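Next up: the structures, one after another.
The same chain A turns up in both complexes below, where it pairs with chain B and then with chain C.
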Partner chain A sequence: MGITFRKETFRDDFSFRNSPEHIRRFPFPFHEDSYMYAVNIEPHVLGPKGSVLENLIDVDEHYVAEMQDRALVLAEDPLRCQSLPHMTLAGWDLLELLMEQQALGYPEHFTLTRDGDRWRWINRPLGIDDTFTFGDTSTLPYGPMEYITRQSQGDFCILDQRDGNLWMDAGMVTTQADWSLDFDIGMNFFEWHAPVPLAHEKGIFVRALKFLTNIQQGKPARRLNWTMTINPRLDTSPENYHKWGPDRTTVTAENVGDKVHLRVELQSFWRLPRSNGIVFPIRCYLIKMDELVMQPKWARRLHRVIRDLPEELATYKGLTRYRPTLVEWLSKLDDGSPTSPGFGPD
Partner chain B sequence: MSTGTTKLDVVVSDVVPVNDLVTRFHFRRRDGELLPTFSGGAHVVVEMRDGERTRLNPYSLMGSPLNTSEYTISVRRDDVGRGGSLFMHRSVKPGLEMVISYPVNLFSLDLRAKKHLMLAGGIGITPFMAQTAQLAAEGGNFELHYTCRTASLGTYADVLRERYDRRIRLYHDDRDERIDLDRLLSSQPLGTHLYVCGPSGMIGWVRDRAAALGWPSETVHFEHFAAPQPGAPFDVTLAVTGKTIRVDEQQSLLEAIEAAGVDPPYLCRGGVCGQCETNVISHDGKFIHNDHWLSEEDHRSGCKIMPCVSRFEGRSLVLER
Partner chain C sequence: MAAKSIISRPVYGTLSPQPGKHHLFIADAEGALAIIDMAKTAPAGFFDGVEIVFIPGSGRKHVAALEALRPAQFHEAPSFASLLPRLKQTLANAHMGLRLYLAGTEGLIGQAMQVALEAGIDHTSIQTEHRGSLARRMQCVHCKGITENVTTQPATCSHCGLLLLVRDHYSRRLAAFQGVCINAEDRSEIPPMEEIFR
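Moving on, here comes the complex of A and B:
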């Protein structure tokens, strides 16, 4: 039995919803009642069945709608997808990784057949059946990175590794939390993280870079990050700030549950074998407050996290304007009783 | 956050003597599947089970990255080393089951380069075997200058000339042929990257001349595995695990720590990657630092050691392991 793909939108009428199964599998990012940065990196290994870690590259009920939204973003702004000239080999590495993982995890939806460098890729949800020569860009309708990331949920940054640093030299970025590939392209690890508050002083980026440059083939790693978004909008880019920025003024006590979404990024890190680069998929999961608070533990914990969040973090994550309204709304769902350890619902 | 590598169960599929000093070993997966894809310049760590002793040595993969049905390495016999190369030459036969690590690349090509200028000395030729194969397949621009003692010890010189013709320049010590390094480095097009692998004297010489001639350091790449050197035995206390161990003459400190059942992270086992860096809690004696990872300041401080290649002489050494 395959996935039933939802027909929904991430713009205009915002018809995006999670099914009950997807609410339960939501990757809630808080393991305790407070939040502060940490180098929260762990091995990216398979998790429990029915969780977003059931496969290392997750495909879910939003797949088709997300790919349609990506195509709309790219049609308006092709610079969301860029690859510097030396990154084509890494693009092939990524194509192989995503085809292998999607075919492995979802054989009813994706099939990869290889005969030497003659490859056939079948993507049933999107109605694609292409035969091409691996390594020969002229046999695909797009470059290898663009081709496969138009068919894979989440944003993808491909980092070149040289001079003991990582360089943002290619990417497909259409579902981002207010950062721009076009601005960051060609930057190194410290440069593109420069706007993040507090973490530099804690030495987090030095340690994180040391870890990432040592990521080994066959041993991917992952971490969770989070922010909040008003309306289920995937494309919250600086380029389109004029479209989504004003949404933050529309939150009222009446519409908090429907409008405010927790936005969780499952970030993973993989060594690419041919190019020796690193690919950094940033997979975005959205859940509206009305859906999230169906798990009482999550409601209590989110209330405490948002209420006690340091001011710098709240500003960086863009919560300042509606935080009081949200905290007030969540407080009614927090009876003060303890929460159990760990991420999952009770 | 341990970052050891995943292991591969392999079988030795062929052993081919190349010349008086060098033998090539071929590995295939025991389950018959393809080996992981790798990039030119990558190495694997080979586990050598020699009776009671296990040695782990890094060797560059020298086959084409396009062929993952087998991995090949070339081992130069070192008659005065710790015995790893002698074990490979004497005891490893076709059919032997061995364990190797996943490939790790600490000597990667810079794919931005308009031209790749490669300098090899002796057995330092091996990573270039894979890199030239990778570049040739993509139509890449490269030129390899290879210094060897004699024509008969010019490991794979014939193969390289056959494959790449004029892109390979050979220099034989016994014929007094020398690279005109300054001229070579002064006549490269903009966008050239320089790669050097060979004896440490050669690496130092090339890096110094490149710096003197104005090459930016990010365009100069080098592979500098120091093989662990034998030395006088010494005793070490591991404070965290509460063990006292003896490091034998032919054993590295890292191998002795592992033999005691403690597993620090590692990648290169050649003093370059930094993974096994270990804090010194106290010492009474002299360090013999052989790594290329710690700064001179670290070496002088006596607070850190790279157990994969460095040793100790003296009365007591206590490590945070």
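Moving on, here comes the complex of A and C:
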């Protein structure tokens, strides 16, 4: 039995929903009742069955709809997918990784057959059956990175490692929380993180870079990051900020549960074998407040986190305008009782 | 000099003579003064291996003073755009060991560095010194158009007309600061425009 893919949208009528199973497996990002930046990186190893970590590259019920949304974004703005000239080999590395992982985790949906350099890739949910020569870009309809990331959930940044730093030299970025690949491409680790408040002073990026440049092949790592989004919109890019920004003024006491979404990024980091680059998938999970508060522990904890969030972080995450309305709504679901340690629901 | 800012914002130094046989200086307006100051500490014969490319702006101020340094080559250009073909050829034909020095406005330094990066020169090997105007080159993140000589905060995009917050976030590849719509959430909010990048 495979996944039943939902027919849904991330724009216009916003018909995106999570099924009850997907609400339970949502990667809630707060292990305690408050939040501050930390180098929260851990080994990316398999987790429990039925969790988003059941496979190292997660494919879920939103797969087909997300790939359709990506195609719409790219048709409007091809600059969301860019690769500097020296990054083609890393693109092949990524293609191999994603084909292997998706075929391994979901054999009913994806099949990869290899005969030397002659590869056949079958993607049943998207109706693709392509045979190509690994390493020969002319045998694919797109470059290798674009080809496979049009068929993989999440944004992907490929980082080149040189001079003791990581350089954002390629990426497919259509579901981002307000940063621009087109602007940041070519920057090093510190430069593209420059606008993040507080974390530089805490030495977060120096330690994170040290960790990431030491990642070994076959030993990926991961971390969670989060923000909030009004309406289940995947494309919250700065490019389109003037189009989605007004959504933030539409939150009322009546529609909080439906409009406000917790947006969690499962970021993982993988060493690539041929290029020695690092690929950094940023997998976005959305859940509306009405769905999230079905878990009473999550409701209590989210209330405390959002209420006590430092002002700089609230501003950076764009919550300022609707935070009072959200906190007021969540407070009614918080009886003050303690929450159990750890991420999971009770 | 610019105030302390975020990490992606360029930091400029003071020109100093580097070891090497070939030295290319690119400067505009008051950037000439950085070269003239540096010349005081240059070793004898230094300018025998120097090419100066200068964009004086109106009035041709500092042209005579630069020529008096007796560089091996001196070229005066009316604008950066007019200089571009020559600069690209010079860098394409350059030998290992060419030293690059950029002096003047941020826009000049940024654009010359952009051409140098495309020619494969590492940005950390380039000497820079900021002199003169703090006016910024800004890319509108929405329409991607570049607006030159931005002096106000916020600033209007000269292409799409959106009112933009001029951030300190800077791209060497684009040679531009990032401009992001300042009233995207509520277009009726119009913050006052102040002249701050002079």
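Quick note on the criterion: the second predicted complex is superposed on the first by the 346 of 346 C-alpha atoms of A that agree within 3 Å, B and C clash if a C-alpha of one lies under 4 Å from a C-alpha of the other, contacts with A are read in each partner's own complex, and residues count from 1 in each chain.
By definition in this document, a residue touches a chain if its C-beta (ideal position, glycine included) is under 8 Å from a C-beta of that chain, and two chains touch if they have at least 3 such contacts.
Keep in mind that this is a model prediction, so the values were computed, not measured.
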Next item on the list: Mind working out whether A:Ala194 is in touch with chain B, chain C, both or neither, as first, second, both or neither?
Entry: second
Next item on the list: Check the residue A:Arg304 against both partner chains and state whether it touches chain B (first), chain C (second), both, or neither.
Entry: neither
Next item on the list: Look at A:Ser275 in the shared chain and tell me whether it touches chain B only, chain C only, both, or neither; answer first, second, both or neither.
Entry: first
Next item on the list: Mind working out whether A:Glu239 is in touch with chain B, chain C, both or neither, as first, second, both or neither?
Entry: second
Notebook entry, point to check: Between chain B (first) and chain C (second), which does A:Lys259 come into contact with in this model arrangement: first, second, both, or neither?
Noted result: neither
Margin query: If we overlay the two complexes on their shared chain A, which of chain B and chain C does A:Ser180 touch? Say first, second, both or neither.
Written below: second
Note to self: Looking at A:Leu79 after the superposition, I want to know if it touches chain B, chain C, both of them or none. Which is it: first, second, both, neither?
What the structure shows: second
Next item on the list: Using the superposition described at the top, list the residues of chain A that contact chain B and also contact chain C.
Entry: none
Margin query: Taking the touch rule as given, give the residues of chain A at its contact with chain B in the complex, in rising order.
Written below: 41, 85-87, 89, 160-163, 210-211, 214-219, 273-276
Next item on the list: Could you pull out which chain B residues touch chain A in their complex?
Entry: 1, 3, 5-6, 36-39, 41-42, 65, 102-105, 108-112, 134, 138, 218, 267, 273-275
Checklist line | Residue numbers on chain C that touch chain A, as the complex places them | finding: 6-9, 139, 141-142, 144, 162, 167-169, 171-174, 178, 180-181, 184-187
Checklist line | Touch list for chain A against partner chain C, complex | finding: 79, 180, 182-187, 190-195, 200, 238-242, 245-246, 248-249, 321
